[in-house]
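Here you go, one structure.
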Amino acid sequence: MTVFYLGAALFLLATILLGLIRVLRGPGSGDRMLAAQLFGTTGVTILLLLSLTLETPALVDVALVFALLAVVAAVAFVRQHGLPEPSGTPIHQRHGQKKEPDDDR
Amino acid sequence: MSETPAAMLPLAISGLVALSLALAILATIWPRQAHRIGGYGAVLMAAAVVALSALFLAAGPEPENAATRVALGGWEAPLGVMLHLDGLSMTLLVLTSVVGMATSLYSLGYVHDPIERRQFWPLWLWLWAGLNMLLLSGDAFNLYISLEVVSLSAVALVAFTGTAAAVSGAMRYLLINILGSLSFLMGVVLLFGEHGVLDLVLLEARTEIGPTERMAAVLMTAGLMLKAALFPLHVWLAPAHGSAPAPVSAVLSGLVVTGSFYLILRLWMGPFAPLATPAFGILVGLLGVAALIWGSAQALRSGRLKSIVAYSTVAQFGYLLIAFPLMLVDSEAWKVVVFFAVVHALAKASVFLAAGTLQHAAGHDRIAEMGGILRARGRTVFALGLAGVSLMGLPFTGGFIAKYLLLEAGLATILAGSLIGVLWVIAIAGGGLLAAGYVLRMVAPAFHRGPRDAGEAVSPWMDWVPLGLAVVAAAAGFAGTLTLHTLTLTPGAP
Amino acid sequence: MEWLAQQLAPGLIYPTAGAILFALGLYGLIRRHHLVLRVLALNIMGSGVFMVLLGIAARGEGPPDPVAQALTLTGIVVAVSATAFALALVVRLARITGQAMMLPGPPDDDAPVDDISREEHAPSTEYERERRE
Amino acid sequence: MIANTLTVILILAGLVFFAAGTAGLLRFPDVYSRLHALTKADNVGLGLVILGLMLQAGGPADILKLFLIWVLVLAAGTTAAHMVAQRTWTHGEFESDR
Amino acid sequence: MSDLLLVVFDLVLLVGLLGVAWRCLASTDLFRAVVLFITFGLLLALAWVRLEAPDIALAEAAIGAGITGALLLVTLERLRSIAVERRRGRPDEPPDPAGADALLHALHDPPPPRRTFVPALTFALVVGGLMVTALWHQPDAVGLEPVVDEHMGVSGVDHPITAVLLNFRAYDTFLELAIVLIALLGAWSLGRYDRLPARPAPGPILPGTLRLLVPVAIVTGVYILWAGSHAPGGAFQAGAILGAAGILLVLARPRDLPMAPSTPLRLGLAAGVGLFLAIGIIGLFIGPGLLGYPPEWAYPLIIVIEVAATLSIALTLVALFIAGRPAGDDH
């Protein structure tokens, strides 16, 4: 059985490397982000299969953490403009800075 | 406490580490009181180090058991982290506490704005704690972590003024620091891979000449040379030191760079001792001569007070490189090098603090236009001159004794038959001459005739601390015998 | 066949790959000038060092050496904090100089000197005025 | 014995969907169709693999943990797909790619 | 058969890793480099799994996927908005020519000049080659594993890595917590936030997902912290997971971010370091030495330190993500 799990994990690793073509070529940054999201899911699956191959149940926790945090990168990508610029720093006040751009989007 | 001083020493070492960390944490938790914690803490720390040195001298009559090793958490060497105190680290600890206290008192006057005080003091106390731990640590990975503590806080302080020059200088300094730390860490990993041990003393017992040791030596020395801005890798020093606040430049030039040099010395006297071949010594010596010439030329050319002093750091560190070949021939020469580094750190710190006071008074630090300020502020110019004299190495100052001993070692190499020694002797003497050049360039406008202009009011701290430190730097000459005696208490040194 | 399997043991492949990553990061650090790329290069060099360390720890039959794993964990946390500070510095540099490139240039001696000890540079006065607006 | 064969069949089915997802990611013309590739791969592909692994899992705790992983990946996949689609729709292709 | 497949798995993984790293550093578009770097982090976690280091894989997953990726993406966006702001030209300032292509500079790094290619390549090849030769001459396993096993009984925890981290080499871990704090102090000295306005998400999807994810993240974080004493896990992984949950909340801010008054926030930030040192000093007097625990008290003390460290790391990582000190700090 472990040979089968390992074969499946190897196959999934191959799909990740194939997916890299989309990351390299992908015209839009949205495509790249999607590819990264797919890699996250495939990574979770590989970890689950490896947890059985290497008999280390801790890998299920690693998969759990990956599944949990896959959304952070996606949200960071979409809502990037969430954070305006830090304003009054000790010394820059006199550099005539405009009030930081309010978030129009 | 009836126990003998030797038994009290481990407790004192752990206490010093705990004290410096506690001060930094307190300043981080109560930023509004950070400057008071910093001020009183600096005096407390200096007193603790003096007490420790008294205990150390009392405890270490014979050099063999002088290296006090403290097992942190009670775990012995291969497993736990060991603190290591011997003559070499004791001397530099005293230097760090003297320069640290002076800089802290100076900063009380320099950083007077309530908002900035709250950020400056925690960073500065972390830097000071990092330096203390760097000097006390005896474990390779722990040295890496202490270097990171020192690097990050130093970069944050360089970027403190927030101007374009300061932030770009800090960025360059950060990139080079992380690169240096990673190359140092790779060296540690290679040694750990070969010997499975991280403690320096155990490593020294196990290292023999092999590909891993050579590669680890190259990586660790290159990483530390990056951090100490030794000649071929000094590109970051002038912009970072030139644009940092004055107390930060003083500490950077005095302590942080000397700390990295201390590590190079510790490694090449310990684990990498068998690797030091004469050819390598001559190569390092030639780098030193090049540093002397390049640094002095830049200092003589530069228009700003602070960048003159920054370039002079590169030049004076050329001496430390020249000393490498001397150490290979005359095994006692390493004590002279350390003594020179101590005197240079004291003098450089006081010159930077004096330059900071003058810059505060004048609002700029272009020498050509500072005539009036220099003429009016006699006390600061005297401090600048006195420390400059010690940099030059005129008689009766610490610098003179250091250079005299270096010359002695240089002559010894000539007698030992290697002709290259002549180059070292000429370089050492010439270096003093060049130093005279740029020190006098800084002080010369004071002697021209012209109006006096006291400029901005200066707080008493900023007025008297540079003078005090300059006097200590000059007086270091008389403490020569005591320092050299402390240095002899380093076991395992050639 | 046995020799090949012995040579391709994880204890040797992964340290070699780690050394290659270290060299790759070094190459990227020297070549690229954009600061974010240089931060990425330093992260890749760090990962190379940790791969060498863990590769060494995985040699031999028994469980890998816990001290090496503890060092790697410490290294990863140090790397992420250094990266976070470096990125904050890059953003601040871009805000002031308008670009995030670190081109090698001589330090300009006539840059305006800002001295935090002088009165007109005190931020608290400006902060008070800004809060009153 | 049956559990093993069932697991093999389920995991193979899951792999088919992952292959379909990757193929879709490479072959589809624009962002919106590639979104389907992403969501198909994880909610069905991963779902089948996790079903297969549940048969091998030790106690009920492992089975519940595997189920939790599947739910989380579902949430991540749908959120990411929705937000990317919405942002691409409102802002058009991202200007950084010109 | 299965170890042959393992070797193939290793080779494919390493080729993928090196390929991703190379393309990431060679790409002219910054966004592509960041996405490649996130993928690099994922493949790295698989490499740590393959090297039987589940703790490190857990940390790489929590920090790589959660923190570094989000940090890089937000940094790119800040560079972009700075470039747009300068390109729009502030009314009181004539638009500087550099600003015209500042947008291009912000997220696009032109391929470097040819002249630095050969020296950089040879230098990297020499360094890499020497290292590989050094590594291939090294002996077989020579680690400290037996020594650690010998002292495990006294360490107070069952998991060797947590024992090394929090008992045998507690000093390194303490300094590492200090480094995270110093990085934050550095970032705080660069800028201040007067207020972080609320930015509710346009649709119901994101708030809904957050309502599901954040509680699960907190429970997972506590679980991983607790598991650290007997299985892979521990303070840093848990802190990174809670930090990532905090970053999620900061990105999708339903309400104004509270500009916390300085002292409670700083107490929370320095809790890990402060408690660690306090217990260390107690250990100096009644225990075996500085940062040492009396053997029978080792387990409870380690748990206390781990909880404090987790809270501090989570708070510090979120504050590092925002990278500006709260206005409460300044008045």
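Here the chain labels run A, B, C, D and E in written order, and each chain numbers its own residues starting at 1.
Heads up, the rule we're going with is that a contact is a pair of C-beta atoms (placed from the backbone, for glycine too) under 8 Å apart; a residue touches a chain by one contact, two chains touch by 3 or more.
Predicted, not measured: the structure shown is a model, and the values here were computed from it.
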| item | value |
| --- | --- |
| Closest chain to global C-alpha mean, per-chain Cα centroids | C |
| Most distant chain from chain A, judged by the mean position of its C-alpha atoms | B |
| Identity of the chain that, by mean CA position, is farthest from chain E | B |
| Pair of chains ranked first by number of touching C-beta pairs | C-E |
| Centre-to-centre distance between chain D and chain A (centres being mean Cα positions), rounded to whole Å | 14 |
| CA centroid of chain D to CA centroid of chain E, Å | 26 |
| Geometric centre distance via CA averages, chain E-chain B, whole Å | 31 |
| Overlap residues in chain C, where contacts from two or more other chains coincide | 15, 22, 52, 56, 65, 67-68, 71, 74, 78, 81-82, 85, 89-92, 95-96, 114, 116, 121, 123-124, 127, 130 |
| Residues within chain D bordering two or more other chains | 68, 72, 75-76, 79, 83, 86, 94, 96-97 |
| Two or more partner chains touched - positions in chain E | 30-31, 50, 52, 55, 76, 78, 82, 131, 135, 138, 142-144, 148, 168-169, 172, 176, 179, 182-183, 186, 189-191, 194, 206, 209, 213, 216, 323, 330 |
| Residue ranges of chain E touching chain C (in the complex, touch as defined) | 3-4, 7, 10-11, 14, 17-18, 21-22, 24-26, 30, 33-34, 37, 40, 44, 47-48, 50-53, 55-56, 59-60, 63, 67-68, 71-72, 75-76, 78-79, 82-83, 86, 96, 98-99, 102, 105-106, 109, 112, 116-117, 119-121, 123-125, 127-128, 131-132, 135-136, 138, 140-145, 148, 160-161, 163-165, 168-169, 172-173, 176, 179-180, 182-184, 186-187, 190-191, 194, 234, 236, 313, 316-317, 320-321, 323, 330-331 |
| Of chain E, residues touching chain B in the complex | 130-131, 133-135, 137-139, 142-144, 147-148, 151, 167-172, 174-176, 178-179, 181-183, 185-186, 188-190, 262-263, 266-267, 269-270, 273-274, 277, 280-281, 283-284, 287-293, 325, 329-330 |
| Touch list for chain C against partner chain E, complex | 5, 8, 10-17, 19-28, 30-34, 36-37, 40-41, 43-44, 47, 50-52, 54-74, 76-78, 80-85, 87-92, 94-95, 98-101, 124, 127, 130-131 |
| Of all residues in chain A, those that touch chain E in their complex | 2-3, 6-7, 9-10, 13-14, 16-17, 20, 23-24, 29, 32-33, 35-36, 39-40, 43, 46-47, 50, 53-54, 56-59, 61-62, 64-66, 68-73, 75-77, 79-90, 96, 98, 101-103 |
| Chain D to chain A touching residues, read off their complex | 4, 7-8, 11-12, 14-15, 18-19, 21-22, 25-26, 31, 34-35, 37-38, 41-42, 45-46, 49-50, 53, 56, 58, 62, 65-66, 68-69, 72-73, 75-77, 79-81, 83-84, 86-88, 93-94, 96-97 |
